[in-house]
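Shared between the two complexes below is chain A, which pairs with chain B and chain C, respectively.
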Partner chain A sequence: MASRIGVYFDQQNIGGGLDCEALAAMVKTKWGVLTPVVKVYPVLAEAVADIQADITANELNGVLICGPTPRLDWEIYQFGAAVQVERVNMQEHVVHACADLEQLPKVAADYVNMGVVKLQKSEIPDSAAFETVKRVLVVGGGWTGLTAALEASKTGYEVVLVEKTAALGGKALNMPRTSPLQAPWRDMTNSGLEAKLAEVSADSNITVYTEASIAKMEGQPGDFTCTIATSGRAVEVKVGSAVLATGWTPLDNKYLESMGLGKLQGVTHMAAFAKTMLGGTVPAKRVAFVLDTTMAEEMAAALAASAEAAPAEAPAGEKAKEELEETGFVKQDLESLRHLRYSNAVNSVAAMRLANLLCEQKEDAVQVFILYKDMTIPGILERFYKEMQNRLGIMMTKCDVTDIREENDHLVVECKNTLLGMDFDLDVDTVVLPTGIVPTTAKEAVMQFSYRQGPDFPDLDLFDGFSDSNYICFPYETRRTGVYAAGCVRQPMTMDQCAEDACGAVLKAVQCIEAADHGVAVHPRSGDTSYPVFNFVRCTQCKRCTEECPFGALDDDEKGTPKPNPARCRRCGTCFGACPERVISFANYNIDQIGSMIREVEVPKDFRVFGPRILILACENDAYPALDMAAMRNKPWSPYVRIIPVRCLGSINAIWVSDAMSKGYDGVMLMGCKYGDDYQCHFIKGSEICNRRKENIAETLNRLGVEPERVEQFELAIDEYDKVPAMIDGFVEHITRMGPNPFKGM
Partner chain B sequence: MAQTKLQPDMEFVRELQAAGGDSLKKCFQCATCSVACPMSPANNPYPRKEMVWASWGLKDKLEKDIDIWLCHNCGNCADLCPRGARPADMMAAARNMVYKDLMKPSIIGKWMSSAKGLPFLFAIPAVLWLFVWWIMSLVNGGQWFPRAEDGRIVFGQIFYGDYTIDPIFMITFFGALFIILKGAMKLWQQLKPEGTLLLIGKDQPWYYHLYDLVLDEILLHKKFADCKSGPATGVKTPQRQLSHMLLFYSFCILAFVTAVVAGGHWLGKIWPAIAVHTPLPFFNPIKLAANLGAVMLLVGLGMLTVRRIRLNPKYQSSSFQDWYLLGLIWCIGLTGVLAQSFRLMDFAPPAFFIYYLHLVFVWMLFAYLPWSKLGHLVYRTTALIFARKYGRG
Partner chain C sequence: MSNSILVVGGGFSGLTAAIEAAELGHDVYIVEKTPYLGGRVAQLSKYFPKLCPPSCGLEIQFQRIRKNPRIKFFTQAQLVALTGKKGNYTATVSVAPRYVAAHNVDFTLLASSLEGEKNNDFELGLAKEKPLYKSMPFAFPGRFVLAPEALSAADKAKLAGNKFINLAEEAKTVELNIGAIVVATGWQPYDVTKLTNLGAGSVKNCVSNMQVERMASPFGPTGGAIVRPTDKRTPANIAFVQCAGSRDQNHLDYCSYICCMATLKQCLYLAEQNSDIQITVYYIDLRTPGRYVKVLDKVKALPNVHFVKGKVANAVQAEGDTVSLQVEDAVRGEKLTVTYDMVVLATGMQPSLATEKLPFALPLDEDGFVAGGEEAGIFAAGCARMPLDVMRSAQSGTAAALKAVQTVKGR
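Moving on, here comes the complex of A and B:
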């Protein structure tokens, strides 16, 4: 609780048009002893020493900086752990945003007062630091896993490497040569797997368990207890974090049956073909790599259509039900033809590589056809592609492969719509189809979490079982804090990318252990010292928080009392947005604090004369920067809105809307990120959850006799600053037409 | 459903690469070249499709393609190619392949396609003229380097016009002409698409189109100008129109002069009124024209040679056929001048020897015409007439 606050105005960054001295006088009068120091500086950044002196002289425990957006200059205003710093966005949200000079002092006063209250209701969190286990668990002993183990070990952490099969090496064991792993990214290369294996076995920091799997994973980052099942016994290991590198399995042949896989002699797939090449030269003289899998897609579509026509068989469902009752969890098999589509880039690179290898082995006395629909070569491997295509025996064309059939002693591939300007048949000895990369996580719960939300990674229904990040900007992160996915379990990728992925995931894993050690959030609110605190006395064990936490941070006991795991938490506040009893709070971010800020705004009684008041609760990840940018780019908006940033729209508690309505606000805008398939939420489904909760809010408002149209949610991406004025002004107009809030002035 | 079976001819690809299309495998079919080409028609443009045919070894498709003749080799496509493939060179290589494969004996075509064949190409006329030399030395009393009674060097003593040079060259020239015209007819047939050709509109005979072509394109080398109208590529391309035109007109003039002199000589024997007697006086219009032709030849040849030397190998390069033709013309010119010089300086052995070489080179120019790049004089004209007649380009 900041009880002695210094308020500072940074004139340079506030700009002209606003009388800072008058504002300072207002603050002094209004807040009295709470704000013993109120000063206006022409250039505040140069007065940091003065502020420090004020802190010592006046025993300040809070500093309120009224200047530019808090996204700027934050590193300048740091005064030690005992002094809380809060910012009022006086430049962007007040001066730049308010085109009406008459309204400007009122707007400014509201924002300063909200700032003071925010500090007043904010506390310094108790430390959540604990002694963490400096050991990284690497699950999967393939190319990615081995790289991860070595990288983690080099960084100074102990490593436990768990491999399912009897030998390390994984799929890399079956590759005769690989696409390039380093500059100049041109030629095929030996992977160097043997050297890597030798390095791992020589590393005393790395403990390897083969023929092993994870039986149970419990605890939280920095303090996981992992039970490893290996050759009939169970080993318990303490680990700080984990790298998930369990890789993939090839897509079942049945999906490519219509193209002859498993049916016609001479039809094989990329991974199997590579393996035969490993054993020596293949006899084929004419080989077609068919990357166009439209035939298989069409068959799948036809099957799906017929399956839809006939109702699903009951027994399978019943069996799943039994299993569910027995263990409480059934893993849905997510393997599908879509995995083939996702694997196109890897298969494109593989086709180029194997085609070239074939030419090399046969000294160009061979004809290799590459028939593609989409030749997708990722990133810098374009150089490799260039090198590989420049070979006499390789002939490529985009085309539709419409049939693959046997004829006498060979195969015939039927090609249509080719780049050669004609349709034709090709006589070949071997047809190589792409290999579908199915992540292990599509088929089983690899990590076996002992979490309230179940043993598996929660699926977003977006990635078909790939353990990809929940957010595009944060690779490696899974929805289980402390577990970082790398390699083909995350996305189909080539070996160079796998190695890079392994390094990235290890860095995250290490960062996670250290963050837990310091008691701070690891990501995306890196360094945040706050964490949710529960007032269990009032908890009704409704389980909403434990169910809605997007990261499964909360476990519970038999009665349903939530059990927080601060190191698993990402500090979004979705739990306290969910809590009907409001028993959850962060020291520096809580229900009462935001409620008080809402109430601190002066809402005039006469709507007609002084205009409406509208509250904007803005997501600080996307909407808030977008608002900043709109203001910076001279796109002002209505002076009747007051903006309060929230950590995530998922953290909005219905009570804030009620607070606003009873205070007399005429409308509330919930401004968050986009949701749906291409969602932009840093916390997965915050804005979507908010939208769902809004329906409950509407019900409540209806009961109170307030039109639910007064509360609306808006989707605003970070780059959509140009839409801000129309969005805000449109809503203000809408509210103005509706007239005043019936509660106003009561 | 059975459709055409494709049979890639890898040997053809190898030959094409050797004939100047070495970069053809770099193409990734983006079709920037087809867009960059200022001459390519909107309907089924080139050279994108030729690049993939080349890569797939579709010999028939490529050699029967009219579009390789529409290309005038400005190199815009290569300048703008994002992959460093050189479509213009490949088109030239494809034309080289036509020179090589069109007419029999195919061994000459093979010799013409690389430096390895050069000794054979040289050996034939070398032996032929050596034989003539030997015979004539016997006539001159066993003297290989005889002098006239007044002591002058007279080449005619050994290479006597009426009995050696003229008959040999006439047989060679008209033989080559016969072969190349047969080649033109064959090319015409293979340019025709398979199946029946339905012509909509007015059909004109080929000579109408030839007249049209000469007037519309060849006289002013209009296509070379069109070549320059492509998008700016930022790559400096040396002047081609003027130099090629100089060379072309010098050939025309020299051909005319030769025809007048030879015709005057032989026909003059029958009808003395039109007889032409060499040496002509300096101010005789024929002599003036001959000298003008010689100067234009040297200037044009020099310009074209400098252009080829200066080509940036990143965008365009020169094949053996290119250098063969330029080199041969240079050899003819140089040996001609040198033979004359040694004669005037009164060094008999070098004078005779170089004159001998001169005859060897001139013979090579005429005899190998149907298989050499110079054959484009007839083949390209044929293709362009075809294009006009059937509407392409």
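Moving on, here comes the complex of A and C:
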């Protein structure tokens, strides 16, 4: 707890309309010994040495800077690990935001007092550091997994590599000659798989288990215990983090039945064809690679329509129910025709690769057709495409393939809307259809987490089973801290991409080990040393925290008492937002602290004369910068609101709303990120969970005799700052119309 | 010997590489040539496929920088010399003067009172700005920057007495000892003046896709409205010309990867702005790799977007500042001449290194993409390496961070 706080006013940034000296006098009188130093500087940024001297002379352990937003000049006001620094956003949220000069001193005083109490109730967290296991688990021994294992080893970490089949290499075994892997991205190349395999087996840092799978993964980053099921025995290994590189399986033939797959002799798909070609020369003379899969899509749409008319039969449901009762978990099979469409780029490249190989193998005694709707060649591989366009023996055209049928001893591919100015039937002996890349995570819970929230990654259906991230900016987020997916289990990728992806995932994996080693959080609150502390004496085992944690960080015992795993935790505070007994806290962010800040605001008794008071709990990630922007862009808002930043809307505990209501506030705005399938919440579920809890808050308010309409949640994206004044002022108006909080003055 | 890492370029790949390496415990220096970090991404209005704001992802990256003392960055800075070898380089960085105090000063009022004006590079020619400016509300660092060459004599007199402005500030040189380098120099929109058949930038109301991003941006020159530059009118019909420069051996001999997705995203902007608008997209292939096909489905479901497979032969000015396109419909084999209120050239991505030189030898391919350097401890990330979208740039930046870390580890 900061018990000796220096309070500093930055006149250069907040002067003008504001009487800093009067504020300083107020602080001295109100806080007395808690604030032994209170000073006003004309240019505070130039007074850093003075502040440092004050810290030494007065044994300050807290510094409160009343100046610009903490998003500015952060590097100036840092005074070492033993001194807590808090910033009162006086320039943006007070001086710029408040156009009512009569209200300004009151607004400013409230914010300064909130700042003092925030520091007073904040402690420097102890370290949650522990000695971590410097070993990376790589699950999957294909191209991506092998690359990951070698890269982790090169970075100085031991590796345990687990492969399901008897041999390493995965699907890459079928692709000894592959699409270009490096500049100039023009020619096919040997994959180098053999060299990679040799390197892995020669690397004493890498332990390989084949015919093995993960039976159980428990613990936390830096300290996972992984049980590997191998033929006949189970092996237990300690690992610090994991790279998931379990790849894919080909889409079931049934999805392409309407195009002849599994029905017509001579119709195959890319992956199967590649394998056949490995076995020796294929007897084909005229081959059509059909990339247009509209026929299959139309068939699937028709089937879906008829399935809707006649609901699925009961037995499957019964089976799932039994399984659920037995193990508490049923894996939903997420395989679908969509996987074929998502594999468009990989198949466009594969068609060229196989066409070229075929021409080479047959010494050009073959005619190959590539029939596409869109050749989806990703970026730089256009150069390979151009080489293939110029290759003799390969004819490519855009067209709609409307039928594939058997006629006499050959196959006929019906082509319409071609680039040749006419429709035609193509006679061929072999038709190669695309292969749908179905990620292993669409079919099974590969990691077998022994977590309270179940053995699988959460919400995989959002990505059709790919173990992918919802974020453009953070591709490696799996919501299971310490486990990072790479390669085709994350997205369909060509081999060059898989290799790069493996490197990225390895970086995240070793970084997570080191973060645990230093007791700090990983992204997005990177470096945060705080972590949730539980007062188990008062815990009622209601399980809300363990259920709501967006990262599944909390396990529990048989009674339901939560078991924290600090290294799995991202420090969003959703757990303490959930806790009805308020037994969870962070050293520098807790229920009492925010509650005290709420109570520190001076709420006038007479609403009609002095106006309402409205509390805004704003997400510090997006809503808070948006508020800053509104203020900077000279878009002031009502002087009756007081803003308190929160780590995430998920961390909002209902007690804060009750605190506000009993203090006499007339309304509460909860301002946070967009939620739904395209969520922008940095902690994934925070704003959504807050919205759900709002219904409970409404019930509580109803019971208390307070209208639930006094509390409302608003979605505010970071770039929607121009909407801020209307949003705030609109709510203030709504509350003004409702009249005062019935508890006011009680 | 040094275990520090130099990152050249402060765009999304460079930021990612720097932050990821720093969070693994390495000292990192970012050298950025413009006054702000964020690069091209900062100019975008929204990202595909979710249509979320780039400032959201950037803000988190900046927050990570604020909290990590291992990351040092230089803006308005250029790497001018590099000596030494892998594991032990000395990099000389020249930092241009900013002319303003090294702490927050709100110059908004002062800036607006100045007479001088300069081209606003950030707004890609769509606006002018004052010589004392901040490129965007989310600018990081959040300090103004002064361009003295654009000041009038009266402006200079006005600034002379300001204690937070120092017109005499000089460039400084910094020497850094580093062990590995990440080259994240990014890309630039392909120069439209080279596209002579498409009007070479002289046809009114024929804009580039990046200019559309600026118009769509809430803090852009039109406050978020995509309008005709000549009369600020919302277009009733608009055409997109795909592969404007890309997949063309006379210009960019590769696919720029992002233009199809960018156009689809911009179709969504336009349809949201005006549901009656008629949009035509002229394309060679609609490249929506992977799960991005869902965006294509979404746009195809709009009744007012039409896709025509065909190459646009030329663009010329027509009556009322409209734009006339000559198009070959590849499927029907027809030649068409169609006139639009506005035309968007989906210009491609050219690596910055195609036109800018680094002060050390680095193998480039004929288009200017980095094609080597690893053996010297130099790793390319993002669009310096190949055309990529933001998600893949982040992935690439993370991968490059690993290679750089491996190079310097234990040194």
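What we mean here is this: the second predicted complex is superposed on the first by the 661 of 746 C-alpha atoms of A that agree within 3 Å, B and C clash if a C-alpha of one lies under 4 Å from a C-alpha of the other, contacts with A are read in each partner's own complex, and residues count from 1 in each chain.
In the analysis below, contacts are C-beta pairs under 8 Å (C-beta built on N, C-alpha and C of every residue); 3 or more make two chains touch, one makes a residue touch a chain.
Worth saying up front: this structure is predicted, and the values here are computed from it rather than measured.
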More chain A residues in contact - chain B or chain C | C
Answer with first, second, both or neither: which of chain B and chain C does A:Met629 touch in the superposed model?
-> second
Please work out whether A:Gln367 is in contact with chain B alone, chain C alone, both, or neither, and reply first, second, both or neither.
-> first
Counting only touches as set out at the top, which of chain B and chain C does A:Pro708 meet: first, second, both, neither?
-> neither
Which partner does A:Ile394 contact after superposing on A: first (chain B), second (chain C), both, neither?
-> first
Which of the two partners, first being chain B and second being chain C, lies in contact with A:Gly421: first, second, both, or neither?
-> both
First, second, both or neither for A:Tyr721, with chain B first and chain C second | second
Indicate the residue numbers of chain A shared between its chain B interface and its chain C interface, in ascending order.
-> 386, 398, 419, 421
Provide the residue numbers of chain A that touch chain B in the complex, in ascending order.
-> 364, 367, 385-386, 389-398, 403, 414, 419-427
Listed in rising order, the residues of chain B that touch chain A in the complex are 1-6, 8, 10, 13-14, 17, 25-26, 28-29, 44, 49, 52-53, 55-58, 61, 83
Enumerate the contact residues on chain C facing chain A in the complex.
-> 12, 19-20, 23-25, 47, 50-53, 55-57, 59-64, 66-68, 101-106, 108, 137-138, 141-142, 217-219, 247, 253-257, 285-291, 293, 309, 330-331, 333, 365-366, 369-372, 386-392, 394-396, 398-403, 405-406, 409-410
Which positions of chain A touch chain C when the two form their complex?
-> 12-13, 43, 45-46, 67-68, 71-76, 91, 151, 154-156, 182-185, 341-345, 372, 374-383, 386, 398, 417-419, 421, 463-464, 466, 468, 470-476, 491-492, 497, 500-501, 503-504, 506-508, 510-511, 514-515, 522-524, 526-528, 621-622, 625, 629, 632-634, 674, 678, 680, 682, 717-722
